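Below, subunit A partners subunit B and then partners subunit C, in two separate complexes.
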Partner chain A sequence: MQVRLEQLTKAFESRKKDSVIAVNKLDLTIESGKLIGLLGPSGCGKSTTLFMVAGIHDVTDGKIYFDDRDVTELSADKRGIGLVFQNYALYPHLSVWDNIAFPLLNSKDMKKRLKKQFAEQHSNSPNYKAYINKLVEDAAKLVEITAYLDRKPGELSGGQQQRVAIARAIVKSPSILLMDEPLSNLDARLRIQTRDEIKRIQQQTGITTIMVTHDQEEALAISDEVIVLKDGLLQQQGAPQDVYDNPANQFVAEFISRSQINMVHGKIATNKLYLGQEEWFPLPAPLMDQEVTIGLRYENIKHAMENIERSFTASVTAKARIGGISTVQVRLADGQQITLLNDHDESLRESERLNLVVKPQSILVFNQKGEKILQC
Partner chain B sequence: MLRPKGTARRNRYDNSAYFYLLPALLLLAVFIVYPIMNTLITSFKGEYRFLTGDFEGYSWQNYVEIIKDPIFRRAILNTLFIAFVCIPASMAIALFLSLILNSIQKWQGFFMTLFYLPQVTNVIAAGIVFAFMFNTNFGVINMILGWFGIDPVAWISGQGIASSPKLYHQAYARSLFIVFVYTVWQGISLKIILFLSGLQNINKQYYQAAKVDGTSTWRMIRKITLPLLSPTTLYVFITSVITAFKAYAQVVALFGNQYGPAGDDSKMMITIVGYMMDSMGDYLSPGSISKASSAAMILVVMVMIVTAVQIKISKKWVHYN
Partner chain C sequence: MKPQSMSNLFRYFLLSLSAAIILVPFYWMINTSLKTNAEILRIPPTLFPSEFRFQNFADAIVKAPILTYLLNTVVVALSVVAISTVVSVLAAFAFARLNFRGKQILFIVILGTMMVPQEMLIITNFMTIADLGWMNTWQALIAPYCINAFNIYLLRQTFKQVPDELYLASKVDGVSNFRFLRKIMLPLSKSTIVTVMILSVIWIWDTYAWPSLVTTKDSMRLVSNGLQNAFTNDSGRIQYEIQMAASTLVILPLVFLFLMLKKYIISGMVKGGIKG
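Moving on to the complex of A and B:
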């Protein structure tokens, strides 16, 4: 099912004078069957957006459409969504089976729907009870927790609880699956494993899925599309690699790179780009003279054998090695520091002078407002 | 040196722990353990004279005597009545009011203050007010009944009850009713505070999850709230049992030291604690302090039995996270 947000706005009333605008005139279209990563730093309005789509938060202004149906005023249970909470919100007093079956057994509408479905396709199950049991077991099978159906959530590990939460969300075959920071309570190893699980489950079921996360790596790894939010405003929407390679602005560039990017001070004067105080290269197209910030990702800066076009020199100040990744810090003529990946040369010595070039199309130039004015 | 890690440290920890606990243990020994043991011993002393300390051997005599005493039997009956009516009633009302209070935002503080007032009101003063509310001629209760065309009821009256068993039973029923109303009113304030804090400890996300699944409010209360509130409910129940079995002040506040309406000399509304108080007031007669002690021990055993049964049953319905 397609999800479309039109000028979606959420303002929280505050005790002080001004209300806080958490989501600001958000326009979005999420295509059917896609896995979407809703990405942004904490407080950017991503969870608020998710809860508005879920119907848990009221909408201050704007519209929400599922396909062509306006669901803005519809209560949460009438929207046909499954929701996975950040801390799972599994009922602690119920067994795993009861948790997964909860949505099937406690809603009048759902009961009506299931009775009808059962009447239409009773071939497999001898009675209604067995039919419910089959639905629960199918969901459990999908997330691979069939061995724990009798246990209480408190007896499961974080990853297993997460699976139960997903099973509970998908057991009623929702048309949209919403996940609020589904991996943030898991340790690093389990997080990678579980995110691949989510991808697999999403592909297997084909449910349109929106996953909120503050972790760009998580979003880039499994999403068909990422949506970057900041201060309630849409920054960029696109395929993960495209957003990574062509960030719309300085915020997206920094956020998506998770600090693996240098933000170097520079300027544009008489249609030439200056790296620090040094003239670097002439602009491909004319731009106004101004102070700029130049974004250079670690992995895009390379050693150059000699003084070729668009190269610059810097001297080594420090080397660092974290696991399999080693980096070099270099200093520009005006004292600014740049970090780059040191992929081959172990023999670099301190204060050694290096000739460096930047991969084409990966020099990102931002104006003082953080808007991207040039990528070359 | 293959001693398990932490063994040495644990010993040191144990010894110093007792040292730190000493002040508390001393206070406990002097003011709790000693009085209880003394009460237990006293309850078995025969012909015990409080002023001289003389007594004639140990026996079950005091227990036999009070159990034969019709006034003590009445005290047990009244106490059980109060417990079995007022505990469920006040718990149900308190739970109902807490659920409503918990779901409203505006005026919550105001209503909480209102419901907490009984807790900060003097029991005797409130009892006198209650007695006046049930006054035959001037009471607000009869005034309200009058609006519906009901004749004034002699709520607290012992007139003619000595000669007519029918009138006696009527007066008894009315007196019990007033005690019930007063006890429930007095008891709900603390229960509301406890229930409300229990309710506020339940993670809101359970309700959001249930809401997404189309669960009705009543089902949410039954399937989520009540199970998750059950530890609080058990706590409220146990403290209520103890409070109810100690019923005394409300009876004195409503009826005075006669434990009954004017004209009654049968101590119609006496409770176990009331019986103890009467026996202790009579401390000059030999054996009366021992009888009070036996009554106290019987009260303790009753509370322990009810609590033990409840804790046993609670394993079935209380969910700990």
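Moving on to the complex of A and C:
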């Protein structure tokens, strides 16, 4: 199902101060069947947006459409969504089976729907009870927890608990699956495992899925599309690689790169780009003279054999090695530091002068407001 | 001695002391209940009965309608537990989970009633009951105990500790408030609810002033009043050994109840954030 947000706004009233705007006039379209990563630093309004789509927070202004249906005023249970919480929100006193079956057995609307489905489908189940059991087992099978149906949530690992939570959300075959930071309570190894599980489950079911996360790596790894928010404002929406390669502004560039980017001070004067104080190269198209910030990702800076076009020189100040990744720090003529990946050259010595070039289309130039004015 | 074990020693000393203070009256009650009438009057009093007189217990049952009192108390206690638990659970759920206008103020008002001593309420309550013509009726004994501010408070605290997400998850699944309360809240708060029930029973068992005001007939009396009035001999002197035997009989059910449900009561107190 397609999800469309129109000028969606959420303001939280606070008695003492002015109301806080958590989500600000958000316009978004999420295509059917996609896995979307809703990404941003904490406090950017991503969870608030999710909970508005879920129907848990009411909307201050704007509209939410599921396909062409306006669901803005609809209560959460009428929207046909499945919701997965960061802390799993499993019922601790119920077995895994009971947890998954809970949505099927405890809602009047759901019961009506299931009874109808059961009558129409002439399914293989001999009776209604067996039909319910089959639905529960199918969901459990999908998330691979059939072995634990009799256990209590407390007897499962975090990753297994999260699978149960996902099974509980999809057992009622929702048209949209919403996940609020589903991985952030897991340890690093489980996080990657569960992340890939989510991708697999989403592809198998084809449910439109929105996953909120503050971890760009998580979002980039499994999303069909990422949406980056900051201070309740949409920054960028697009395919993960596209957002990574072509960030819309300085915030997205820094956030998506997870600090693996140099932000170097520079300027534009008489249509030439200056790296620090040094003239670097003439602009491909004319721009106003101004101070700029130049974004250079670690992995895009390469050694050049000699002084070629767009190369610049810097001297080595330090080397570092973290696991398999080796970096080197260099200093520009005006003292600014740049870090780059040290691909192969282990023989670099301190204060050695290097010729460096930057991969084409990966020099990101931002103005003082953080807007991208040039990428070349 | 290590400082750790020193402080433990001190702790155990304090605990023993407070246990002794609480247990001595119990011991004296049982001690007295087994003595002969002559031994009771002996000075100095004996710490241990020189001769066990179990006949006191039989006398207690025969001399006064103590079984009737017990039965009355059980009827009142069960009614109060049933009604006040339902009222407390519903009120606590509303205060913990629902949003309605005036919630905070109403809650403060209910808490405020805890500050007013019961003895002050007795007068107005008595006038109300008398006006309703409820003297010597069950409802007079039951009604004033049906709303219990402390129980509401304790349950609300417990309910508040159930994570919001559980409630939201069930809302998304179309589960009604009442069903959520029944299927999720109550099972998760079992120990506090048992605590609340026990506290209500103890309250009724111990209550004295109110039932003695609204009942005049022996057939409607509760145990506490019965114990006070029933055991005087022909010369108007209280027969302590029989009174104490009756008292022992009266507290036995409570002791059993407590021992049976000890596990729940303690965890319930801890869960509610109030250490008893």
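Following the convention adopted for this analysis, the second predicted complex is superposed on the first by the 375 of 376 C-alpha atoms of A that agree within 3 Å, B and C clash if a C-alpha of one lies under 4 Å from a C-alpha of the other, contacts with A are read in each partner's own complex, and residues count from 1 in each chain.
Rule of thumb we're sticking to: a residue touches a chain if its C-beta (ideal position, glycine included) is under 8 Å from a C-beta of that chain, and two chains touch if they have at least 3 such contacts.
Nothing here was measured: the structure is a model prediction, and the numbers come from that model.
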Ask   = Overlaying on subunit A: subunit B and subunit C, fit or clash?
value = clash
Task = Considering only the touch criterion stated at the top, classify A:371 as touching first (subunit B), second (subunit C), both, or neither.
result = neither
Inquiry  = Contacts for A:108 in the overlay, against subunit B (first) and subunit C (second): which applies, first, second, both or neither?
reply    = both
Ask   = What is the contact status of A:154 with respect to subunit B (first) and subunit C (second): first, second, both, or neither?
value = first
Query = Does the superposition put A:27 against subunit B (first), subunit C (second), both, or neither?
reply = neither
Message = Going by the contact rule set out at the top, does A:56 touch subunit B (first), subunit C (second), both, or neither?
response = both
Request  = Figure out whether A:217 sits in contact with subunit B (first) or subunit C (second), or with both, or with neither.
outcome  = neither
Task = Check subunit A for residues that touch subunit B in one structure and subunit C in the other, and list them.
result = 54-56, 76-78, 81-83, 85, 87, 89, 91-93, 102-103, 106-110, 168, 172
Task = In the complex, go through subunit B and note every residue touching subunit A.
result = 203, 205-206, 208-216, 219, 223-224, 227-228, 319, 321
Ask   = Which residues of subunit C touch subunit A in the complex?
value = 163, 165-166, 168-176, 179, 183-184, 187-188
Ask   = Contact residues on subunit A for subunit B in the complex?
value = 54-56, 75-78, 81-83, 85, 87, 89, 91-93, 102-103, 106-110, 154, 168, 172
Partner subunit C, residues of subunit A touching it in the complex = 54-56, 76-78, 81-83, 85-87, 89, 91-93, 102-103, 106-110, 168, 172
